[in-house]
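Scrolling down, you'll hit the structures one after another.
Paired with chain B in one complex and with chain C in the other, chain A is shared by the two complexes that follow.
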Partner chain A sequence: MSEMWINMGPQHPMTHGLWNLRVKIDGEMILDVDPEMGYLHRGIEKISEDRHYNEVITLMDRCCYVAGLAWEHLYIIASEEALHLEAPERALYLRVLCEEFQRLASHLMWYAAFVQDIGLMSPFLYGMRDRDLILDLLQSYTGARMTYEYMRVGGVRSDLPPGFTDRTRKVLDWLNARFVEYDQLCLGSDIFHKRCDGLGILKANDCVAHGVTGPMLRSAGVPRDLRRDRPYAVYDQLEFDIAHADTADVTGRYLVRMEEMRQSLRILRQVVDWLDRHPGPVMADQLPRWLGAPYAPVGNEGYLLKRHYPKGLGFSAVEEPHGEAQAYVVNEGGEHPYRVKFRSPVFANISAARQYLIGYRVADIPPIMGSVDVCVGEVDR
Partner chain B sequence: MATPEANEEKPGENSILWVARPMATAARQFTKSLFRPSTIVYPYERLEDPKFRDRLEVASGKPFGVGEVWDNYRGVHALNIATCISCNLCAFSCPDICIDMVTVAGGDPKHPKKCPQIDYGKCSYCGFCSDACPEGCLTMTTRYELSTPKRSEMVYSPEKLYQVFRSKLPMNPIRLARPANEDAILLDPPLCIGCNACARDCPTNCITMLDVPKPEAKPGEKLPRRIWKEPVVNDSDCVRCGTCISVCPKECLFWGTRK
Partner chain C sequence: MQPDDVSRVLAPALGPKLLAVEPFAGMAGRVRFERGAALELFPRVRDDLGFRHLSMVGGIDWVDHREVFYVVWSDAAHQYLLLSTDVPADNPRVETASGVWPSANWHERETWELVGIEFDNHPDLRHLLTPDGYEFRPLLRSFKLHEPEELEVKTRHV
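Entry: the complex of A and B
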């Protein structure tokens, strides 16, 4: 049979966003793959250079539509380091609360999309239903369901509404019971195992060589998690385990993500208990006024030259739901960041597609790519 | 790694349990959902209705504590024109540049009162404007239905935003912008010509023009032509909007730390 290239994407049910996977096939066998990204490029790094430090937060929500708060957290840590500011401890805990909620919401979204990729419809509905409970919680204190704009340089926007912590505990208990059900539906099913076991194997040394991080790396038996290996915010004060599996295949990634959700529940319980016991301010006291508002009004930019702020560099690395995201912010003393650079974990994870797709069959592509958890918004930025 | 219960008692090879168990789980959920559908039929039912206040309650069928999900929601703005001081801070802080300051009726004809007009075609509902508002007159409400057949109707004039304010929708808790101690308006005295522009345009009237002594001209030296007054800023009333800096014709005002 002759070889041919086919395009899966840029608009294809398998891709979960705008990107193109070119596949070279011979019959059913995959001989070569070539991922093409860039269809969703918005130039976020360049736009950031023309915005105030706080205004970049609106762009971070658009980086990843399922984990906006994790990206806000990433940017905020880097810019606070660059601006020599420190947030109060309660704000740090609130940020961890946000990030773990986002991890749950993102993984539930992944679960819903992944099981649909392998042909199961009911778990899709369960995943989306339970994710909505988390979105309700997020909305009750950030004010939006998707574009949160909650964190600020030097703190967070607002404190929790009354009754939030009790409500959260109930949702966490509800979710804990649901995870058993998820496993019954997937791990208890022969169809799932026949579809996923031994597929898309990416061993640990290949992961390291290609910069693959997150659940894909942990499913290959490497218990690396920035929350423990390079603790940021208050993760060093929280107790949790690093989920990892040894199979390095699609089932392994499923197991890692499900265990991560359980660990997130564990972290959230500790954070909620802490927040109950420690009221306090959520914004730093001494914030420069220019962080809040004013531009140089048009027509009189000269006064900018008269202001001298301390320069600085900021770097942060955050364990985002998809992997290790990194940010670098250069503060040259102006009102805008001089340069902002982001590292997207999914970009590296997709780029290694040749390593874990060649040799399988065309029908295996949806479960394998589904297990990568692609979010194109952050790949293209 | 902690394994879930479903994984512990694995059925044997070719056991019927591999298929029967997941189907039983799905069937259990299906029968439950027959009696308590969690779908909200949107135009007829709304998420903010009290009966959907807590969707956990809907999903589980058990009464849990009711929490107010909607009070913090960031929807259409409400503007109280009466307390607006035209400081421009909302327009400056808007990342989408969708806020224009337009003239409203009832101001001094020489210095007309300007209030924000918001283009909801561009607005991203980030809430930076209401955070920046020093008077708490621009807040966000829970209204989210804006669809209209005309693009021009997406632009809400101050009067229309005032109508939203009058409709008494639940509003986002007001967070007054706090001026930081660090930044203040400073003056570069040799450049000032005492023109009064800053004091005239200050939205809070916190700038007063005080007399400065006219120096004695030395022989052969020419004194600058100016009014011998200089602005003095009252830091406690100042909202740090920067209007004075932008109107100063000599660029002698700037941000700095008061010593």
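Entry: the complex of A and C
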């Protein structure tokens, strides 16, 4: 057989977004791969330099369209550090609530897409159905299903509506029972094991060298999770376990994500209990007027008056559903960030594609890339 | 790990090329070094200090000069460390970190194409997010937004 390069993408069912995986094959064997990114590059870091701190939040939702709130959280922590601000405690709990909801929604979306990739159709429908329950809850307090714009520098936009925590508990109970079915559908299926076991192996040392984080790293036996190792918001006051596996293959990543969803339910129960017992403000008082955007009338005054704020550097790292996301915000005084830099976990996970694809067969690419959980919005930014 | 601990390990080897180790909120510190010391510094940060995981590389355009920064993570200390070096705007180049941390590869490609930092001895310095032949460095301060007409003409037939 002769060797040749083929393109999987930019529009291919495997990609789950717009990117192109160039594959060098000999027959069915993968000899080399070269991911081509950039189809979704919108220059979010550049646009941010031209916007008020709160206006950047809109872009964060577009950064990762399945985990917008996690990216908002990331940016907000870094901005508050750069601007020397602090949010009230109830806002911190609400942010954790958002992030864990988002982790569930993102993992359910991943579950639906991933199992469809390997040929199981009904789990796709169940995964999407249950993700909608999360989106309904998010909609009830943010007003949107995917692009939330909920968090603000100094707090969050609004408090929860009445009856929210009871509805949440019902959904959590429902999901807890469904996860048993999910496992039966997948782990009980021969097709699943034939297509996933022993594929896409990436050992712990390679993960670390190539910057791979998140469920991929934890499936290689490294129980690293920023929520535990470098707690932010109020994660140090919540009880949960770090999901990990030691097979370092596609099945391992499946097991890690399923366990993470169960742990998210556990966290969410603690958070809603806390929120029930502790009413309070959700925005810091004494914010500069241009930061209190939702409350102050947005007129010429708010936009044109130059208010100087002490300079500062802000860095934050958040355990996003896909892995470790980081933000670096440079505040040189004034209303716009001077420079914003984001680190996307999927960016690093895809950059290691050579390590976990070479040596497998073409038909193995969909399950392996599916187990990476690609979100192109945050790779290209 | 505190800035003093970092400085104690790095200072004997780097001497005056280690400019400062400053405190940085939420991190082990911010190491400022001469760009010529990059290849001496990186292996020491990885092996002697245990920061085995390079998380990101980025650049900042300060107009009169540019800054390249690296964020590394240590599993033992559960901390990040920021490395930062200044490069002149007329000759913005620094040695690649991808020989020490393979994960630097894509991050440096991105920094090269968006901020215009040249990474010497990089194995694969190609465009990543922008099209091949794209001649702009969008994250430089001289690249202004709100000038769509001019940009459209220049980038249509790259």
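Going forward, the second predicted complex is superposed on the first by the 364 of 381 C-alpha atoms of A that agree within 3 Å, B and C clash if a C-alpha of one lies under 4 Å from a C-alpha of the other, contacts with A are read in each partner's own complex, and residues count from 1 in each chain.
What we mean here is this: contacts are C-beta pairs under 8 Å (C-beta built on N, C-alpha and C of every residue); 3 or more make two chains touch, one makes a residue touch a chain.
Quick caveat, the model's predicted, so the values are computed rather than measured.
Q: Counting touched residues of chain A, say whether chain B or chain C comes out ahead.
A: After superposing on chain A, more of chain A is contacted by B.
Q: Could you look at A:A348 and tell me whether it touches chain B, chain C, both or neither (first, second, both, neither)?
A: The answer is second: A:A348 touches chain C but not chain B.
Q: Taking the superposition as given, does A:D380 touch the first partner, chain B, the second, chain C, both, or neither?
A: In the superposed model, A:D380 contacts chain C only, not chain B.
Q: Of the two partner chains, chain B (first) and chain C (second), which one does A:G43 touch, if any: first, second, both, or neither?
A: The answer is second: A:G43 touches chain C but not chain B.
Q: According to the stated criteria, A:D249 is in contact with first (chain B), second (chain C), both, or neither; which is it?
A: Neither partner.
Q: In the superposed arrangement, which partner chain does A:D117 touch: chain B (first), chain C (second), both, or neither?
A: Neither: A:D117 stays clear of chain B and chain C.
Q: Contacts for A:T142 in the overlay, against chain B (first) and chain C (second): which applies, first, second, both or neither?
A: In the superposition, A:T142 touches chain B alone.
Q: Can you check the complex and tell me which residues of chain A touch chain B?
A: The touching residues are 51-52, 54-55, 57-58, 122, 126, 129-130, 132-133, 136, 139-144, 147, 149, 157-158, 161, 163-164, 166-167, 170-171, 174, 179-181, 183-191, 243-245, 255, 258-259, 262, 286-290, 292-295, 297-300, 302-303, 306-307.
Q: Mind listing the chain A positions that touch chain C in their complex?
A: Per the stated touch rule, the residues are 37-38, 41, 43, 45-47, 50, 81, 208-212, 222, 224, 229-230, 313, 315-317, 324, 326, 328, 330, 338-339, 341, 343, 347-348, 351-352, 380-381.
Q: Which bits of chain B are touching chain A when the two form their complex?
A: Result: residues 1-2, 4-7, 17-19, 21-22, 25-26, 29, 38, 54-56, 59-60, 64-65, 67-74, 88-89, 92-93, 95, 124-128, 131-132, 140, 172-173, 175, 177, 179-183, 240-243, 245-246, 248, 251, 253-256 of chain B touch chain A.
Q: Give every residue of chain C touching chain A within the complex, in rising order.
A: 24-27, 52-56, 58, 60-61, 69, 71, 75, 78-80, 82, 101-103, 105-107, 114, 127-131, 138-139, 143, 145
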